[in-house]
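Next up, some structures in structure tokens.
In the two complexes that follow, chain A is the common piece, with chain B as its partner first and chain C second.
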Partner chain A sequence: MTLWIESFLVLLMITSLWLLGSSRLLSCIAAVSVQGVLLAALPLLLGIDAPPWRLFLQAGVSLGLKGIAFPLLLLRAVRSVDARREMEPLVGYSLSLLIGVALLAGSLAAGVRMPLPAAGTPVLLVPAAMFTALTGLFVIVGRRSAIVQAMGYLAMENGIAAFGLAIAEQEPLLVEMGTLLDAFVAVFVMGITIFHINREFDHIDADRLSTLKDSP
Partner chain B sequence: MILLPVLLPAAAAVIAFIIRAHLPRRILLVAVAGTHAALVGWLWLEPSRFPPLGAWMALDSLGALFLGITSLLFLVVSVYAVGFLRRESGSTSADPEEGFLFDNTPEALFTACLLGFLSTMTLVTVSRHFGLLWVAIEATTLVSAPLIHYHRHHRSLEATWKYILLCSVGIAVALLGTYFIAAAVPRGSGGITSLTFDRLIERASQLDVRWLKAGFLLLLVGYGTKMGLAPLHAWLPDAHSEAPPLVSALLSGALLNCAFLAILRILSVCAAAGLGPFGRQILLVFGLVSMAVAAGLIIGQGDYKRMLAYSSVEHMGILAVGIGLGGTGDWGALFHAVNHSLTKAALFLLAGNILAAYGTKKSADVEGALRRIPVTGALWIAGFFAILGAPPFGAFSSELAILRAAVSSGSWVVVVLYSLLLAAVFAGMIGVLVRMAQGGKPSAARAAGGLAADLPAATARRREPVLAVAAPTVLLALTGGLGIFVPGFLNRAIAQAAMLLGIS
Partner chain C sequence: MEQPVLAVLQFCVALVLAPLVPGIVNRVKAVFAGRRGAPLLQTWYDIAKLLGKAAVYSRTTGWVFRAGPVVGLAGVIVALGVLPWAGSGALLSFDGDLILLAGLLGVMRFVTIIAALDTGSAFEGMGASREAWFSSLGEPALLLGLAAIARTRGSISLAGILGVTSFAPGSAGGAVILLVIGALFVVFLAENARIPVDDPNTHLELTMIHEVMVLDHGGVDFAYIQYGATLKLWVLGGLIMSLLVPRTGQWYLDIAAAIGGLAVVAIATGVVESIMARLRLVRVPQLLVAALAMSALGLALALMNNPPTAALNPPSAALNPPSVAR
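Right, the complex of A and B next:
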């Protein structure tokens, strides 16, 4: 079982690198949705002490939202704005990957030093979660396209959710569902805003949204 | 029963979205706001009638205080909204500054989001569980985003995007912090209620201090983004300056308080675990930095709506300083939250009137408001003095209480910085006020050789809509009253709420 879990966590980290390195929007969406599917499978593998129906419900809803609904929403957004790829990211792709590797090393180093109170948590869980969340944050800061920024937000949310699994006993189902629903609505609202941004400006580059500033 | 104030506006939001005619929808808005306020009033009088819902929801004095502010503010704003929507709704209008044409968000959606906003903010005040609190605060962000994008043009869109993205990232950080708090709870004592405030405070001595500290910092950064503490305030001036006046009033007067409440919740857990001094120290630093950043940006600020927004950053800083000092500071900060909400909401509503009359947000282009829109102009002056903490308004006594806390803490750096920054803001805002209220005398303009034909039009009195001036009048009268006399029930409520923060 441990082998399965560890390989899933490694895959989770690879999807984050995939998100960092791809310029095509469709490829980014694929990365985020694979990440969602992996994340949905994790509660079943981790051997959390909870009734099985709860784990299956959690995995099912998570799969439905993160594996299916989010990618579809993002796909619709990409189609409606007719964008293919992020043209000029603020940070280039090779550099992004390098920074990604540095983040990975940092998360691994920090993750082993922060022991969770629970015994039996897989060693890689905390580093993988931290790395995914940090990648998401980096994508939000380092990309211009609003759609890619929304994907960065999703990756961040995924990483934090993975961390949440480590302490799943304390998280009652209701809160978990609320969290998922909030993430869903957030992406939905972002999607609508992106659509408006595109209609208003003919582009989705968030860094050109810079009219508002202090003037004497 | 405790669910009623949450569910009532939520149900009304759905109905408002479906109703097609404008008039019934506006009546519904005001009726729901009135009922909500009545419910909250009943809650204040007879708390025993509203039993807690499991370990999840209950109203303690801290929550009741903030719920009271929110509900009262929403009632006043909903009355203003009727007049506002009657003037603005449906039609295509021209942007007063750049002249392009734009549409407004459909009124049904706008009203539904307003009611949803009330529902989610109420949920924030009644939740007793860190997970539920998180869900509620994120929900406030999401329902308020369409409100900021009411005028559908590029500037409001930019503000909305910044608002969603920054606040969502902040809230995501807060989620991580919530998980850290969960990680601080020792194993085996889990179960569904382990993240409720009561259980955490009860077993505070068993919590893992390292995780709790890290969790506190993450929650402070996350919710601090929403509260507008510098340097995490980047979304705030844009959102406040582009949103319609009643939305800015609600954002500043109610939403920022909700985030503040979330920070107070985690602080009380920290205090119980013996980390009170640590938490308060950090809040104090955040508060002073916010005041300094806001003072720097207020001085020389050319846009009066942005000036009010930065003033909100300043006042959130004052709240953080008050809590950071503790003692009398707790009482002062909570009382100041009441005063700030009332005053700032009134000021944003008045700013809307000025924008409607002059068609510009540049304070340099607004002259002679006292002559042209006398009621708004007079209220604008009163509001400025109220927000600057001049007597007889309530903010005077609350800011003084915080100053007294600073003096008794014996830290002279804090005393000097706090008074200097208050003075700097006073100087920065008062000059703008004088120019906006006075100035533009007809004789002076004629002497300067202005276009004689335009003069009567430019200086003539404009009709001011009754609802647009009545709402801010009520708010300012309330905060003026609080400066002279604090009613016993409010004083007791604030004192009880301050007790909850823990003496440490």
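Right, the complex of A and C next:
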């Protein structure tokens, strides 16, 4: 079991690196959705002390949303704005990967020191969660395309959800479901907004949006 | 058989069989393309033909250009002597010889690069620049990967790392080994100028890295370079293979398994070359940085999994806080 959990967490980290290093939008979407599937499987593997129906519900809802619904929404957004590739990013892909390695080292160093209420949490869980969240944050800051930023938001949400698993026994199901709903609404709204931005301005470059002003 | 005899035997086997590896790669590519392909021994024929020719030297070149192929071949032969590819100890073995292995490959690359620069051709200088650029990314990946395995297997000599008799089932090191193998395979492809990074078949000026650096060498020198390239393929392939193939302790079984493993690595290379296109030049560093990231991840996991032992490196105790032990 430990081997399985460890492999899943390592794969989670690899999907984050994949998101950092890929320039094609479809590849980014694939990374985020694989990440969602891995995350959905985690509650079942971790051996959390909770009723099985709750674990299965949690896994099922997060698989349905993060593994299927979000990628489809993002795909629709990509198709509607007819964008195949991420535009020139603020931070290059190689440099992003190197920064990702630095973030990884940082989260491993910080994550293992963090005191957790639940004993028996896998050592890698908190570092993996922190790394995923930080990667998402970095993607939001370091990319210009609004779609990729939405994916960064999703990765950040994934990281936070993984972090929540570490304290899953204390966390009520309601909170878990609430976060998922929030994420769903956010991605839904982002998809629509991206479409409208694109129709209005012929691009989805978030950098250039900041120069828009109300006053003449 | 006795240890030293065995070491000499496996060294000689490698020297004789190494040119078969590119032969297997080419045969796999031919099968994929529906051709019959060159004979497996083609590399030996090429080398034999080249050895019969005299080298021609341009007047602008100096002794550096002439020394390049010889020193490069010598470097990789010593590297082969350091690597216990069939498990039972190498000719040279001591603590920390994995750094020597990386260093010897570095020496080979260095002399190839300065020999290319010595020709004074802008074209070769371009290839040299690319080689230096890519290897500066590939070498950290190799070293970090070796460090991760050293940590997992609790030894800093190649004999201790590669001579493992069996895998402990469900061991925590499995993920580390797989990550490092992935990273090393990318380094293997890049260092040997195989397809996602460089195309060994083209002579198109815009795509070449390794091939362009050796354009001005001819005759005996070029034979040395070709032979050195096959040995390098054997050394790096042997490193990857040794991580996967467990040792039995019977020398003939070990050697047979190692040769089989190398054939599998060669076939994998051929398959990769058949199904992939060469990456655009700007994407190559990205691939190598991804390999570097995998190695670094492997090293980080190895550091977390294996609490430091006093014999290995006491100062790193600070890296592992007590909370890991819970």
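Definition applied: the second predicted complex is superposed on the first by the 211 of 216 C-alpha atoms of A that agree within 3 Å, B and C clash if a C-alpha of one lies under 4 Å from a C-alpha of the other, contacts with A are read in each partner's own complex, and residues count from 1 in each chain.
The criterion applied here is as follows: contacts are C-beta pairs under 8 Å (C-beta built on N, C-alpha and C of every residue); 3 or more make two chains touch, one makes a residue touch a chain.
For clarity, every value in this text was computed on a predicted model and none was experimentally measured.
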- Looking at the overlay on chain A, is there a clash between chain B and chain C, or do the two fit? fit
- So after the superposition, what angle do chain B and chain C open up at chain A's Cα centre, nearest 10 degrees? 150
- Message: Output check: A:70 vs chain B and chain C. Expected answer is one of first, second, both, neither. What do you get?
- Response: neither
- Message: Quick check on the superposed pair: does A:153 touch chain B, chain C, both, or neither? Answer first, second, both or neither.
- Response: first
- Query: Touching A:137 in the superposition: chain B (first), chain C (second), both, neither?
  - Reply: first
- Message: Residues of chain A touched by chain B versus by chain C: which partner has the larger set?
- Response: B
- Query: Where does A:193 make contact in the superposed view: on chain B (first), on chain C (second), on both, or on neither?
  - Reply: first
- Message: Going by the contact rule set out at the top, does A:10 touch chain B (first), chain C (second), both, or neither?
- Response: second
- Item | Smallest separation in angstrom, by C-alpha atoms, between chain B and chain C in the superposition | 15
- Starting from the residues of chain A touching chain B, keep only those that also touch chain C in the other complex, and list them. 119
- Query: Can you name the residues of chain C that touch chain A in the complex?
  - Reply: 170-172, 174-175, 179, 285-286, 289-290, 292-294, 296-297, 300-301, 303-304, 319-321, 323-324, 326
- Note on the structure: In the complex, the residues of chain A that touch chain C are 2-3, 6-7, 10, 13-14, 17, 21, 93-94, 97-98, 100-101, 104-105, 108-109, 112-113, 115, 119, 123-124
- In the complex, chain A touches chain B at residues 116-119, 133, 137, 140, 146, 149, 153, 156-157, 160, 163-164, 166-167, 169-172, 174-175, 178-179, 181-182, 185-186, 189-190, 193, 196-197, 200-201, 206, 209-212, 214-216
- Note on the structure: Interface with chain A, chain B side, in the complex: residues 129, 131-132, 134-135, 138-139, 141-142, 145-146, 149, 152-155, 157-162, 164-165, 168-169, 172, 175-176, 179, 182-187, 190-192, 194-195, 208, 211, 237-238, 241-242, 297, 300-303, 306
